[in-house]
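Below you'll find a set of structures to go through.
In what follows, chain A forms one complex with chain B and a second complex with chain C.
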Partner chain A sequence: MQSSFSYRNYFPSFLIAAFLSISLVIFLPSCNRGGQNAGNAITVGVVLPITGREGKPGQYQKEGIELAIKQINDAGGIMVKDKNKKLPVKEVFYDDGSDQAKSASLVERAMSSDNATAVLGGYSTALGEAESVMADRYQTPWITTGAAASTIFSHGYQYTFGTLSPTTLLGSTTADFLGSLVDQGKLKKGLKLALALENTDHGIDYGNGIKQWIQQHPGYFTVVFSENFELGSPDFSGLLQKVKAAKADIFLADAHLQDYITMQRQYLQSGMYHQMLSYGARGPESDARKALGDGTDYIFAGIWWSKKLPYPQVKKFVQDYTQFTGHDPDSWYPATAYDAVRALAQAIEAAGTTNKTAIRDALRNVELKDSLLPGGTMKFGSNGQVANAFVIVQNKPEDKVDIVYPKDAATGEAIAPTPRKK
Partner chain B sequence: MTAVDFLNLLIAAVLLAGIYAVMSVGMTVIYGVMKIVNLAHAGFMMLGAYFAYEFFERFHIDPLIGAALALPAFFLFGMAVHWLLIRWLPKSDQPTLSSLLLMFAFWLVLQNIGYLFWGNMDRSIFTPRTLTVLTLGPISISLLRLIVFFAAVLCVCALQLALSRSWYGRAMRALIQNPYAAQITGVDDERIARITFGLGTAFAGFAGALLAMLYSFSPDFGRPFLIRAFVIIVLGGLESVSGVAFGALVLALVETFSILYVPAGYQPAISFGLLVVVLLVFPKGIGGLLERKWRPA
Partner chain C sequence: MKRLIASFQPLFAAGILLVVLLLPILGLTPNVIRILFITFVWITASLAWNLLGGVAGQVSFGFAVFYGLGAYAAALMINAGVNPALSFVGSAAVAALASFLIGIPTFRLRGPYFAIATIGVSEAVRVVMNNISAVGGAGGLRVTERGIFHQTEHYYSGLAIAVLAVCVSLLIERSKFGLALRAIRQDEDAAADIGINPFRCKLWIHAIAAALTGVAGGVFADYAAYIHPQGVFAFSTSVTILLMPVIGGIGTIWGAVLGAAVVTIVEEQLVAVFPQVHLLLYGLLLMLIVLLEPDGLVGLLRRMLRRMHVDPSSRGPDEALWGRGRLEGREL
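== the complex of A and B ==
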């Protein structure tokens, strides 16, 4: 009797199953499990996107964290008094693929099955918000190195910390910088502002910061247009047309890197001009300058850190980072991550134990006196978030970037108004 | 809104429609013949973007030529993917779960291959054309968008012509209309399906290469376009190339002009609201509705 088995009947399901398995294996976050905290090392969970739309900043933050861990371990580790010895730091890394749901579950995994002493990560507000709920649930300190929206720090969470100053401060510093240009006579008083804000808490906070400053400083600027836009939109022509129609003098957008590149390209292609132009915390990134050439000249950005800050610790960090990674720090991303690890190490040492609640308490009192951040000192506020000043940088021709504000950190003069393209 | 503003927006919408049409047409032909919802379309577009990028970076070949080269290269690639994977899927005149899962998994594999080769850096193609603007009085048009639009229109028209004039096109349309009757009359469905998948992939690669001139891209590239491509092919009636052109124009007009009246943050809600309305009211798409209205009695 002939068998009814047909290779063709069975092959498809087999093939699909095989494919799904392969893709799952490839797609599963690249993880570097450190195993359980056996007492011979301090396990630190790191959850960041190194793939997906936030992959690049996430990669830079990972590099900042790993440099700090390497330096701590090279120096023998962190002194833990109740063990009477120095313990090395062991990193457990997970790539969340820029996915909110995955991000939260990986933090949960690091805090529960990996029993991490603390977890770092949460680049971008959306991912940070998703992760932030886990810290109090597992009573494990969580330090976000890349999320700044006030909503994360307004829930009263006890184990949540952040090394980025609030985005409202970014907005108010931006307005303060523009106000200083008015005071210097570079811009006229009473100029009209157009705001295009990404549809996230980050964008909302940025806009609020600007509007609050304007309320406190009447007569300087008026907002004639303010609207939110879709994150990751492939086309901004309608929005830009509305901005154009608003006839504003200054255009301030708050956007993530990809949106900044897309919007600025369309901005230039539609022949628009404003006296001053900013994309919030985005501006000097090398990707943008490569994508748009001199089309990014004179854009200014409020950033959490600049490699041009005139502190010896910044110079040393830039040197070490370049040696460690083989490339210069691109914008602020690695610095806040680097300082997060150092603050955690200082807190563990001060607590003298790996007890998570004791570390949480110590983090509240940490004062990093050789911080890379503007001001040179970093301290977590009562809500867990730092409040260091922002620096304003401006892109200049030939790929140069200068700190233009505040005055005491400036490496060059602000060019205002932006020269018109010939 | 002044007449100039309106005209500027209209031009922007039409140029956007060209981009939307070329990125959706490949998906439509594959769905039409094989009833496969090609979720890997975004992956093919991403590879198309890198294809043009590599030619540009390594050999200094103009990205437009790179896009033209992507057509035959991705045609062969698509035929290979069909031979390797698609032909084993069970045949059906309705989309099947297995085809959906297979294409989704294949998309993830392509994406991760992208990460393996190119990492997570955003890449872009910058040429002297990138920021060139044509000004006609108060109207300004991006040269690059115009070029991309004409390239897209040319390709969609060539495809439409090929489908209506060639034996392959007639066979393909026959398979779309009635696969069983087509097979009875001697149409080799396996061969046509292979060519169709190659063609759909070629268009995805071509679209990706064109879009690489307009946007920065990473291995995650294509996701927002894929969602819009769904809206367009549903609007266009799922199986028709001219319907796709129509759907692309409708979506681009709605997206561009709706922003004038509602905040830009609600743009996706408008697009997908349109999709829901079309699915509920005109399940065969707006193209199908017009076809019915104009069909001679």
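== the complex of A and C ==
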């Protein structure tokens, strides 16, 4: 029997017990972070990765959402007719850590426990796929701001919406752009393409978009190599060796930000050269340009939005965003998130109620006439996904980025073929 | 005191079971039901791992294989119109079959070599599943939902498999087979000398553990309605399954249960309350437990019982409740 009291014996147990007690004490109050404001605010759940491999884009999307919410609240909130007053928007944010199971679970939490009027999030495709299940289950509108794969919108879900145009359109726009360079005489007809696609629905859709365009436009290009790679792979040298062996003229990859940086670094180390080079929707990101310097020059990308778009609302957004976050918008990430909040606000106002089904119905008819996206108008299609055009941007020396396609939005000439390094 | 604890044991277990059975009727929020459902799934997987890693002393980093195969088997069967309950049996069968295929070569290895082999197998299966387009490939697999979603049905499915895992663990622990496994954990060669066939015993406990983990995966797939190789077959899934009994108290039934419950609830709450620093806090908690309380949370409770003058030296009812804990001098 031990009777003497020893701090040494008790201290570890005390620390652990204290930690667990604090966690459990917060268990009940934190189970519902939105419900206590029911009636006085519109709770919007936001589930995005701000840690893990998708942390950077997720953070940019979060900033876009928070800017829109701030602007709405600064203007007094959203007018809800059946309450006869303006209600502020209350954000309930969860970080899914780029983990698919966690992201679905957190969306469920926001929809069920926080009683969110709508949930925004779902960056990227893999996380969006998992989250999309919950919308119809809890009959709560869910707007993905960062998932574009067609599979998400092909299940007949009624509460699922997305502000990214389909990835197949990204593939066909990329091919269309290359075709226009052939028509201009900058590239020759019959060039050989090598495709490296991430092994996801996103990659499959991108490849399909390119292949469909080639089938519809015979003689322009032939695909001599097409292979998938694993998302988040630490090494692409084997794949790049195969690309080199294929002796293609143009190399098109579809990759996420981290994979783009890793692959391009290894591409440069291998000393390869292609007349045109693209990583799908990635290219102008400042992280990549900082990491690889002039190694990213002349890479082109098809993106959902560019800060160079010549619309007054885009100029204002860039100014507001920079003031709000202290940095420029990086690539397209914050814009689709910002517009998602504005579309939701418009739908709530049109519905005149916070009833989720009424908001869902209103979202189907929303037409955001001062949208930031290419075309300047945003409208959800019958499957819930928007179909705005893509813009093709090209990195230029000294950290410059120009819109090079379509012609009516271009801020600079496409440089093709890519100049060889001296 | 010892007798008092012994007499309260069945009552205590029955009380907990009654409470969890009645919880959904008491009007809990869907979020709490969801957290409890996930807890039950992890309790099942944690107890399964504990049978192999804790009781038999074979540390595997590859349980995501069984979890994932169980999830995919159930998903495919549900999509083919099979009743979900039957599909969970299918999950168990597929996972058990896989355990033999994996166990026959890997149980020829011992200690860290076995552990490394399980990591290799797990990663290989994940990559293969990523590339089988018939089951959705890297795009994942959606589980057809028939009719309206009833959360409480899933809750009771989760509870049923957790109870099943506890019963299986208790039966094994109190059987000759369990004694043989403990002998293998202590000294495999000595166990062989007294007539135990270590290879066969390890294969069977591996299959039982795999079957339970497969069922857990199947029940999860039915709830999630969408599974993905990078999720269910992820190395992090294997680590989570292993971590729960380690935190709760390796080699003990209630340690595995407590570990799963604490890990799930604490992680959920940290994500919700501290979204910016949840990983830091979670890591800190794990470090605290592993460094300061190597016998896990059950070790902590056992020390508290000691302070209450319960004699810990003899194997008695208190030990049956909390288990012996540490692997009796053998490092993992």
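A few points about this structure:
Note that in this section the second predicted complex is superposed on the first by the 385 of 422 C-alpha atoms of A that agree within 3 Å, B and C clash if a C-alpha of one lies under 4 Å from a C-alpha of the other, contacts with A are read in each partner's own complex, and residues count from 1 in each chain.
Operating definition for what follows: a residue touches a chain if its C-beta (ideal position, glycine included) is under 8 Å from a C-beta of that chain, and two chains touch if they have at least 3 such contacts.
Since we're looking at a predicted model, the values are computed, not measured.
By the document's definition of touching, both partners, chain B and chain C, reach A:T51. Of the two partner chains placed by the overlay, only chain C lies in contact with A:A104; chain B stays clear of it. By the touch criterion stated above, A:Q258 is placed in contact with chain B alone, chain C being left untouched.
Contacts of A:N199 after superposition: both chain B and chain C are touched. Touch criterion met: A:A126 reaches chain C, while chain B stays clear of it.
In the superposition on chain A, A:Y94 makes contact with chain C only, while chain B stays out of contact range.
In the superposed model, A:S112 makes contact with chain C only, not with chain B. Touch criterion met: A:A245 reaches chain B, while chain C stays clear of it. With both structures placed on the common chain, the touch criterion links A:V223 to neither chain B nor chain C.
Applying the stated touch rule to the two superposed structures, the overlap between the chain B and chain C interfaces on chain A comprises residues 11-13, 15-16, 19-20, 23, 26-27, 50-51, 199, 228, 230.
Across the complex, chain C meets chain A through its residues 29-32, 34, 38, 127, 130-131, 137-140, 142, 145, 149, 224-226, 228, 230-232, 236, 262, 265-266, 268-273, 275-276, 278-279, 284-285, 288-289, 292-293, 297, 300, 303-304, 306-307, 309. Taken in their complex, chain A has these residues touching chain B: 8, 11-13, 15-16, 19-20, 22-23, 26-27, 50-53, 55-56, 58-59, 98, 196, 199, 227-230, 232-239, 241-242, 244-245, 257-258, 261-262, 265-266, 268-271, 287, 290-293, 295.
Partner chain C is touched in their complex by these residues of chain A: 1-2, 9, 11-13, 15-17, 19-20, 23-24, 26-27, 30-33, 50-51, 93-95, 97, 99-102, 104-106, 108-109, 112-114, 126, 129-130, 132-133, 137, 149, 151, 155, 199-201, 204, 228, 230-231. By the touch rule above, chain B contacts chain A in their complex via residues 1, 5, 8-9, 12-13, 16, 85, 88-90, 98, 101-102, 105-106, 108-109, 112, 115, 120-122, 124, 126, 130-131, 133, 135, 140, 142, 144-145, 214-216, 218-220, 223-225, 228, 255-260, 263-265, 267-268.
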